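In order of appearance the chains are A, B, C, D, E and F, and numbering begins at 1 in each one.
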Amino acid sequence: MPNKLKTAWQAGKATVNGWAAIPSGFAAEMYSRAGWDSVTVDMQHGIQDYLSCVSCFQGMQPSGVVPMVRVPWNEPGIIGKVLDAGAYGIICPMINTEAEAKAFVQYGKYPPRGTRSNGPIRAAVYGEAGAYQTTANDEILMIPMIETKKAIDNIGAILDVPGIDAIYIGPSDLSFSLGKTPKLDVEDDEIFKIYEMLLKETGKRNIAAGIHCGVPAYAKRMIKMGFKLVTIANDVGIMLNAAKAAVTETKS
Amino acid sequence: MPNKLKTAWQAGKATVNGWAAIPSGFAAEMYSRAGWDSVTVDMQHGIQDYLSCVSCFQGMQPSGVVPMVRVPWNEPGIIGKVLDAGAYGIICPMINTEAEAKAFVQYGKYPPRGTRSNGPIRAAVYGEAGAYQTTANDEILMIPMIETKKAIDNIGAILDVPGIDAIYIGPSDLSFSLGKTPKLDVEDDEIFKIYEMLLKETGKRNIAAGIHCGVPAYAKRMIKMGFKLVTIANDVGIMLNAAKAAVTETKS
Amino acid sequence: MPNKLKTAWQAGKATVNGWAAIPSGFAAEMYSRAGWDSVTVDMQHGIQDYLSCVSCFQGMQPSGVVPMVRVPWNEPGIIGKVLDAGAYGIICPMINTEAEAKAFVQYGKYPPRGTRSNGPIRAAVYGEAGAYQTTANDEILMIPMIETKKAIDNIGAILDVPGIDAIYIGPSDLSFSLGKTPKLDVEDDEIFKIYEMLLKETGKRNIAAGIHCGVPAYAKRMIKMGFKLVTIANDVGIMLNAAKAAVTETKS
Amino acid sequence: MPNKLKTAWQAGKATVNGWAAIPSGFAAEMYSRAGWDSVTVDMQHGIQDYLSCVSCFQGMQPSGVVPMVRVPWNEPGIIGKVLDAGAYGIICPMINTEAEAKAFVQYGKYPPRGTRSNGPIRAAVYGEAGAYQTTANDEILMIPMIETKKAIDNIGAILDVPGIDAIYIGPSDLSFSLGKTPKLDVEDDEIFKIYEMLLKETGKRNIAAGIHCGVPAYAKRMIKMGFKLVTIANDVGIMLNAAKAAVTETKS
Amino acid sequence: MPNKLKTAWQAGKATVNGWAAIPSGFAAEMYSRAGWDSVTVDMQHGIQDYLSCVSCFQGMQPSGVVPMVRVPWNEPGIIGKVLDAGAYGIICPMINTEAEAKAFVQYGKYPPRGTRSNGPIRAAVYGEAGAYQTTANDEILMIPMIETKKAIDNIGAILDVPGIDAIYIGPSDLSFSLGKTPKLDVEDDEIFKIYEMLLKETGKRNIAAGIHCGVPAYAKRMIKMGFKLVTIANDVGIMLNAAKAAVTETKS
Amino acid sequence: MPNKLKTAWQAGKATVNGWAAIPSGFAAEMYSRAGWDSVTVDMQHGIQDYLSCVSCFQGMQPSGVVPMVRVPWNEPGIIGKVLDAGAYGIICPMINTEAEAKAFVQYGKYPPRGTRSNGPIRAAVYGEAGAYQTTANDEILMIPMIETKKAIDNIGAILDVPGIDAIYIGPSDLSFSLGKTPKLDVEDDEIFKIYEMLLKETGKRNIAAGIHCGVPAYAKRMIKMGFKLVTIANDVGIMLNAAKAAVTETKS
C-alpha cells in the first residue's frame, strides 16, 4: 500500500489531517469519513492507549484515510507496537536533538536502516503477503515534532538525520518554550519567522512541514504559507464546539 | 435531586436535549458540557449498551445535565438496570397501545405504582441516603415515543395512562409508518397536523411534548410551536458534520 | 462437576453466598477468595452485563466457589447465555406465578425437561468432555426470587413446579410490595411469619430457602431460623463500609 | 450493497459461513480473511454481546464477508440493534411456530412489511446515503433456526411466512429435541429424512437451507445434499483443535 | 481548582489517602465516597492502566477527593498522560538519586520549570478555561517515593531538588532494600529512626512526608509521628479482609 | 508454586509453548487447554496490552500452563507490572549487550539480586501467603531474546550475567539483522551454525535454549537439535491457517 500522504507531498499537494482523541472505534469510523487525507490517533494528549488505537485503526480502515499515531514519547516499545498495528506514520513529540531524532528514526525502520523488530501483525494485512517488510521503510512516515527552542536551535542537525519524512510543529508547546502563552493559531511575528525558517530548511531537504491548527481558516493560511500537512483541532473539540453552537442557536 | 427538566416544564420552559451515540465516557463527558439541559444515552439506535451507558453517566455527571436513556425496547430488565444506574428519564420506543404504555410505566415505578425492583446501586448516590426510593416515582420521567400510525390512533388511551410525564416524537419512524420517506425535520402538512394534535392532547393533560430534530433552526421552530423537549441530532452526527465542514473549508 | 451447594443442602448444611456487583474479573477473583461457598454475579441491580459476568466467572474459578448469576429478568436469551458461560445456579427476580415459575425452569433445562438450547461454550469446560449435557439438568440450581405479595399468595403453586431447587427472598422488594419501607435485615413480625411459612412450605418439598442479608449477625440468625443460603451485602457495599470505618478510625 | 449470499443462492451456489465466538475485533478481522462468504457473530452460544459484535463487524469489514449475527433470542430490541450495527443477515434460534416466524420477520423489516425502527447508525455507512432504507428489506436475510420437533411439525406454516430467506438447522438441538444425544455432523437416518424433507419444502418455496456443521468433510456432503449455507465449527473450536494437533505432533 | 491536600498540609493537617487497585470506574466511584481526602490510582502494583485510570478519575470526581496516580515508573510519557487526564498529584516509585528526582519534577512541570507538553485534555475541565496552564505547576503535587537504602543515602540531595511537594515512603520496599522481610506497618527501630530522619529532613524544607500503611491504627500512629499523608491498604485489600471477616462471623 | 518449565528443563525435557496474540481472556482460556506446557502473552507483536494480559492470565489459570509474557521492551515499569500480575517467565526482545542483560535481570529480581519493587497483587495469589517473595527470584524465568548480530557477537558476556534462565531466539529478526529475508523455520547453514553455537554456549552454562517456530515439524526438529523451549506460531495464526484449510476443503 503506497502512502497517499507521501505521494501527495511529492506532487506538491498539501494534505489535511484529522486528530482522534476519543477512544472508540465507532467514533473513529464515523470521524474518518469527513474527507481527511489522514487521521492521527493521539496517544500523547488524547484519551487513547494501544488497544483503543487498534480499534480506531479498524474503524477508520474502510474510509481509506492514512492511519497515523502520535506516540506518547520517543520510546521503542510503543513505536514498534503501533507500527505493527498498522500505523503508516508516526508523529513523535519533543524531538530536540540530533541524537533524539536518530533514535526515533531507528526505532521505526527495519534493518539495516534501524532496529525495528519484525512482526507486523495487523500491518501486514494491508498489502501483499510478504510485501510489507520490503516496503515499510520507504512508505511509513517518520515525523518528529519540532516544538521547543532547543529543537529550533538544533534544527539543521535534526533535519540532516536520514529517514525524516516530515516535521510537525506543536505551536502551543513552542510558544510555551519561548516564554509565551501556549496556544494554537498564533499571530506572533517571532513565531512566524520560525515557521518561515522551518519551511525553508525543510524545503531544501525535500522534507514536508506540518503544523497543528485550531480552525480551518488558519489551516488554510498555513497551506498557503507552504505547509504540506495541516491538522484541524481534534474530534472531541470539533464535536464540543459544534454542540455548543447548536445549543446556543436553539436557545437563542 | 429534583429533576430539572420537570421543574423547567412546569415553569413553561422548553429544554434542549443532547443525544449520545458514542460508547465512551470521555466523549460523553465533553459532549455534556455544551449547554444541554439533559443528555440521553441512546441504547436503541446508538452504539451503546448497559456498561457504556454507565460510563457515559459517570462522564456527564459533573456537568449537571439530567441523565436520560432511550432503551432499546419496552422490556423490564433493561428499564430497571438503567434506572438503577442513575437515569432520571426513560424514553421508550414504539409505544403504540394503552397496554404497552401501562406496562412501560409499571416497569419504571416502585410499588405501589409499579413493579420496579429495589436496588438503585448508582442512582441512590445522587441524593440523601434513603431518599431515593421515596422520590424516584415522582422525579423520574417516563417518556413513551409516539412514532407510528397505530400510536396516533390510540393517543387518547395512551396519554390517559397515569405516570406519563412526556411523549417523544420520532419523526422518521412516524413518516415511515405513514408511508412517507423516513427523515427528521419534516416539512409535511399531514405530519404538522399530527404534531398540533399531539401538542393539544398532551397540553390538556399537563404532559410535555418532545421531538427529535436534526438541526438547531428546526428545533427552535418546534419550541415555538409548543414542544418542551427538543433534541438536536446526536454527538456523532454533530461531530461528523462539523468535521466535514472543516475539511471542506480548509481544502477550498 | 457436582454442585457443592446442592451437596451441602442435602447434608443439611447452610451455605454462605457472596454477591458481585463490580464489573471486574480482578475484583471478583480477589473477592471470591474470602471463604464463600458460592458467589453470585448480580446482573439485575449490580453494575454487570454478560461480558463482565464472564470475566468475573474466569476470575473466581480458581477459588472453587460455585458460580451463580442473578439475571436481570425472566428472559430466555440471557438465562441461556449465562448458563453457557458456566453458571451453576440462576437466581431469577420477581417470580410471582406458577406460569412464570414454569417458564423460568423451562428456560434453564435441556430437553425433555425444558427448552434450553445446546451450546455450553464455557460451561462444558468444567468437567469431562460430553458430560455436561447429561448432568446439567440435575446440577444447575434454578432459584426463583420470592419477593412480592403476589408470589406469597401463589407460593404453593410456584413451589410445586418441578425443577425448583431453592427459593431466594428479596427482603426489600417484599417489604415494598407489602407497603413497608424497603430494607434488608428487617425486624417485622408480619414478615417473620412469612419467612416461617416459606421455610415450612419449602421444607416439606425438599427445596432450600435462601435470603439476601445485610450484615453477618443477621445472616447467622437466618441460618439458625432454617435458611440454607444466605448472602451478606455485596462486594462494593462491603468495601465501602470497611473503607468508611478505616477512614473514621484513622481520623479519630 | 447487494447481499452476496442472496446473489450466490439465486445462482444456485452454496456459500460457506464462518462463526465468530471470540469477543475481539482483532480475532474477527483475521478470521474473516480465511475465504468465508459470510461470518456470523454468535450472540447466542458465543462469548459475544452487542458491543463486541460491533467490534467484530468493524474488524471483518475490509475482508468483504457478509456480516451476520445469530441473536440470543427472538426479541425485537436486539434484532434492531444488530441490524443498525450493519448485520446483513439474522439467524434466530428456536423458531417453532408460524407466530414466532411472523414476529421474527416483522422485527427485521421496515414498514410496511414490519415494525423495525429507523436508525441504521452503522448500517447506512455501507452504501449510498439514503439508499439503505430503500434496500434493507430486500437485501437483509431473515433466517429462522429450525431445530426442534415442534418446528418440524409446523414447518409448512413457518415457511409460508413471507420474508423468510433461508432456514438454518441446528443439528444438536434438533437431536436433543428428538430424544437423541445432541451433536453436530449426525449420522442418523431419521434426521437425514428430516433434512431431505426440509430441502424439499424450502426448495419449492425458493428458500435456501443452511446447516451448522463440525468438519469440512461433512459440510461438503451437506452442500452436495442441497444445502446452500454451511458453517464449519467456530473460530475458537477451529483454533483449539488446530492447537491440539500442533502440540501433539510436536510432542510425538 | 486549588489542591486540597496542599492547603491541608500548609495548615498543618494530615490527610488520609485511598488507594485504587481495581480497574473499574464504578468501584472507584463508590470507594471514593468513604471520606478520603485523596484517592490514588495505583498504576504500579494495582491492576490499572491508563484508560482504567481515566475511568476511575471520572468515577471519583463527584466525591471531591483529590485525584492522584502512582505511575509505574519515572517515565515522561505516562507522567504526561495521567496529568492530562486530570491527576492532581503524582507518586513516583523508586526515586533514588538527585538526577532521578530532577527528571521526575521536570516531567511534571510546564516550562520554564520543566518540559511537560501542553494538552490537558481532561485536566483543563476542572477549572476556568485557560486557567489550568497557569496554575498547574503550583497545584499539582510531585511526590517521589523514598523506598531504598540508596534513596536514604541521597536524601539531602533529593529533597533539595526544587518542586518536590512531598515524599512517600514505601515500607515494604524499604525493608527489602535493607535486607529485611518486606511488609507494611513495620515495628523496627532501625526503620523508625529512618522515619524520624525523613520527618526532620522534610520538615525543615517544608516538604510533607507520606507513608503507605496497612491498618488504621498504624496510620493514626504515623499521623501522630508527624506524617501528613497516610494511606490505608487498598480498595481490594479492604474488601477482601472485610469479606473474610463477614464470612467467618456468619459461619461461626 | 514451583515453575514447571524449570523442573522440566532440569530433567532434560523440552517444553512446548503457546503464544497468545488475541486480547481476550476467553480466547486464552480455550487456547490454553491444547496441551501446552506454557503460554506466553505476546505484548510486543501481539495485540495485547497490560489489562488484556491480566485477562488472559485469568483465563489460562485453570489449565495449569505456566503463564509467561513477552514484554514490548526492556523497560522496568512493564516488567514489574506483568510480574505482579502473575507472570512466571519474561521473554524480553532485543537483548544485545551485557549491560542490557544485566538491566533486564535486575528489573525482574527482588533485592538483593535486583531492584524489583514489592507488590505482587495477583502473583501472590498462586501460592502460600508470604511465600511468593521468598521464592520468586528462583522460580520466575528471565529469558532474553537473542535475535541480532550484535547479540551473537556479545553472547558470552550476555550469558555470563547471573540470573538468566534461558535464551529465546527470534529467527526472523536474526535473519533480518544478518541481511537475510526475515522468516521463521529457516533453512540456512549460517544460521544453523549460530544455533549450534548458542546451544553449546547455553549448554555449558546450564541455560536452556528456546526458539520461535512456525510449524510443528520444525519445532520437533529443534527439540531434537537440543532446544528446550519451542513455540509454534501463535493463536491467531493457527486459527487463520486452520480456517483457510477448512474453507478450502469445503469448497473443493
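Please note the rule applied: a contact is a pair of C-beta atoms (placed from the backbone, for glycine too) under 8 Å apart; a residue touches a chain by one contact, two chains touch by 3 or more.
These figures come from a predicted structure and were not determined experimentally.
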When you check each chain against subunit D and subunit F, which touch both of them? A, C
Among A-B, A-F or D-F, the pair repeating the A-E interface (over half the contact pairs identical) is A-F
Would you identify the chain whose Cα-based centre sits farthest away from the centre of subunit A? C
Chain separated most widely from subunit B, comparing mean CA positions: F
Suppose you list every residue number at the subunit A-subunit F interface; are over half of them used by both chains (same) or under half (different)? different
What is the distance in Å between the mean C-alpha positions of subunit A and subunit D? 42
For the pair subunit C and subunit D, the C-alpha centroid-to-centroid distance in angstrom is 34
Going by the contact rule already set, what residues in subunit F reach two or more other chains? 23, 26, 30, 33, 47, 49, 54, 75, 78, 122, 236
Among line, ring, star, complete and other, the chain contact graph is other
Inter-chain touch pairs (all): A-B, A-D, A-E, A-F, B-C, B-D, B-E, C-D, C-E, C-F, D-F, E-F
Subunit E contact footprint on subunit F (complex, rising order): 49-51, 54, 75-78, 80-81, 84-85, 110-112, 115, 117-122, 133
Counting only contacts in the complex, subunit B reaches subunit A at residues 16, 18, 22-24, 26-27, 30-31, 33-36, 47, 215-217, 219-220, 223, 230, 232-233, 235-236, 238-252
For the complex, which residues does subunit A have touching subunit E? 21, 23, 44-47, 49, 52, 71-73, 75, 78, 93-94, 147-148, 170, 172-173, 176-177, 179, 181-182, 236
Note: in the complex, subunit A contacts subunit D through residues 25-26, 29-30, 33, 54-55, 58-59, 61-62, 122, 125
